[in-house]
Amino acid sequence: MITSLTAEKLAVQRGSRRLAENLGFTVKAGQALALEGANGSGKTSLLRLIAGFLPAAAGRVTLTDDGREISDPEERGRFVGWLGHHDALKASFTVSEQLAFFGKLYNAPSAGSIAGDASGASPVTTGEEKRMALLDQAHLLEQIGLARQAELPCRYLSAGQRRRLALARLLLTQRPLWLLDEPFAALDVAGKGLVARLIALHCGQGGMVIAATHEELGLGNEVLRL
Amino acid sequence: MNFDMSPYGAFIWPAYGLSALLLGSFTLWTIARWRAAKAKLASLEQK
Amino acid sequence: MTPFLALLSRDLRLSVREGGGAALALVFFALVATLVPLGVGSDLALLAKVGSGVLWVGAALAALLSLDRLFQADYEDGSLDLIALSPLSLEGTAAAKILAHWLSIGLPLTLFSPILSVFFGLSAPTVMALTLSLAIGTPAVSAVGAILASLTLSVRRGGLILPLLVLPLLVPVVIFGAGMAVEVQTGLANGAPRFLLAFSLGATLLSPFITAMAVRLNLAG
Amino acid sequence: MFDWLFRYANPARFMGLTTTLLPWLSGAAVLALAAGLYLGFSAPPDYQQGRTVLILFIHVPAAIMSTMVYGCIVVASLFSLVNRHILADVAARTAAPLGAIFTLLALATGSLWGRPMWGVWWVWGDARLTSTLVQFFLYLGYIALWGAIEDETRAARICAVLALVGAVNIPIIKYSVEWWATLHQGESIMSGKLAGVFLTPWLVMMLFYVLLFVCLWLVRIRTMILERRIRSLMQGAS
């Protein structure tokens, strides 16, 4: 179980440009951190650094897993649920093919075993949470509002629907540390409400969220300004 | 020194000419670029 | 193994659905085999002499057609980020993509070559040797190509620069590959099969590691 | 192990060191050129090649430089990947056009030497000429890749990998081309060899080529360091 993510004296550098320096923060299980800043302030680069893509120019990021400290970037990446700028969808794949591929790629447990795993890992209390724990693909699509589009190739999806599919994939991968880049982008009011609910739920189950956003995450969350 | 190249002058002179041309112009260009950079830096540092 | 197979089957399906797959490469290959006789004349003795070399060059060029999209498509739409975070290592990712490229391009080209060799009046043993040499050599084309495709994955017009980078490195494959057909034609053992096999093995074994390194460098940008 | 090198890898120190070195090096280059030309043009005609040996005095050094410069790029690329030092990036990048020019000259002078010797401008059977041609394409690809990647730091790493992949491949390419030349042409062809009397003029010309390369390389590195400084000054001003 992931318990905390700590950044110490972190410097973010992209190419030859130093974007941010001396950053320090800690996110604990169940917490959400919002990254704020103008365009080009390094929000995306910081997320990429935490995900392990971008090496830190200075300082370090440590993830604590059951008391074990993980500082290897690629190992850290195995805990990351990623929602980037791009939706990472293939035009010719249907919604369900898309999810099936990522499910297999991420070794996501199949429907039956997930229910057991999730309820074992964290006590299921409310009905809403119980439904979320049943990460069956059909349930998942219903939850995310894409049930009718299941067999539709992604090229026919609207921008908002593409974003919802990306969210469904985020849930499917079952990663404890969510890194979200502008999660509210391209979504309508209902969609934004969904994102806020999912984040709250993820935190409620002991997950961690770091999101680059202009808007409230819908939690009494902490804010880091870049 | 002997500059009589017969019967191969048509090959020897072009070989030397081409080498001189390429290496010479590259050298001149390199020096010109160095001078330009130096002048530019000097004018920037004055401001 | 599941993540590996998932990526492999996805790439194979993509190559069929989103164009740039076998069909395009085969048509290109056939066009090269048509244009060369039109260019050099109908003398069958001459065509038989140059045929295996022409087919090898044609196959190598055809395999490069869609190579630039091998990593670039996934890089541009963000898929590569998600693949990099998956349990599959980048080395595994590279191996899956090389294998997918070979299965979708190299293998069809190999199987198609006996048909095209009709245009050049090649003898049956020569055709056998040529097909075998393509079977051994095309994995090396995919492997070497993958290294350079991963190096150029962020280059906006990578498709233009890629052949310039790949083709000089493919000189040994073409030489030894066509050399296998020469061995049959002249009847003199020249060692081409051994060299081709060695190059192909070396390239396919090393390529996933170099490719993964290049992907890592690009994701950090 | 490379401590002494890193002392001078600091751009400011590098500038200081090269400022004192360059006048001496360029003076030596001019002397070597004068001496090399004098000795070369005074050399007697070869009993077989006549005065075309004069071409070999500039062809062979260019061909050797073609390989040597690539070696310099490979070493700089290793430092670029392992130590991520900016000077290594700049060194690798600036050496490439020089290497391409030497390679082009080796090809052109080789062809000009071959025409009277072989009767044709290009002989595929000469493995060295063929692999030099491939080497030229490798240089062009390397230079093109540098130009194609916008971010300089990324371009440096990516091109370093390309240089190393090329370095692994060059011996294989050379071997395959030699193998191919013997496969397709049984008889041996006359290749450029130098008899003893011609050794001194050739060595002096070789020295000139090395000195010229070092001088031009250093000046280009210095220029690029200044250009980077100019860019960062302009970025700061805006």
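When the chains are written out, they are named A, B, C and D in that same order, and each has its own residue count from 1.
In this text, a contact is a pair of C-beta atoms (placed from the backbone, for glycine too) under 8 Å apart; a residue touches a chain by one contact, two chains touch by 3 or more.
Nothing here was measured: the structure is a model prediction, and the numbers come from that model.
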Closest chain to global C-alpha mean, per-chain Cα centroids: C
Separation of subunit C from subunit D, taking each centre as the mean of its C-alpha atoms, in whole Å: 31
Distance from the mean Cα position of subunit D to that of subunit B, given in whole angstrom: 16
Whole-Å gap between the CA centroids of subunit A and subunit C: 37
Inter-chain centre distance, subunit A versus subunit B - centres from mean C-alpha coordinates, in Å: 58
Multi-chain contact sites of subunit B, meaning residues that touch two or more partners: none
Subunit D: positions in contact with at least two other chains: 151, 153-154
Contacts with two or more other chains, residues of subunit C listed in rising order: 220-221
Interchain contacts (touch definition) - all pairs: A-C, A-D, B-D, C-D
Subunit C-touching residues of subunit A, taken from the complex the two chains share: 14-15, 48, 51-55, 77-78, 80, 82, 84-93, 101-102, 104-107, 169, 175
Contact set on subunit C toward subunit D in their complex: 147-148, 151-152, 154-158, 161, 164-165, 167-169, 171-172, 175-176, 179, 182, 190-191, 195, 199, 206, 210, 213-214, 217-218, 220-221
Subunit C-facing residues of subunit D, complex: 134, 137-138, 140-141, 144-145, 148-149, 151, 153-154, 157-158, 161-162, 165-166, 168-169, 172-173, 175-177, 179-180, 183
Contact set on subunit C toward subunit A in their complex: 2-3, 5-7, 10, 13-14, 17-18, 76-79, 81-88, 219-221
Subunit A - residues contacting subunit D, complex: 14-16
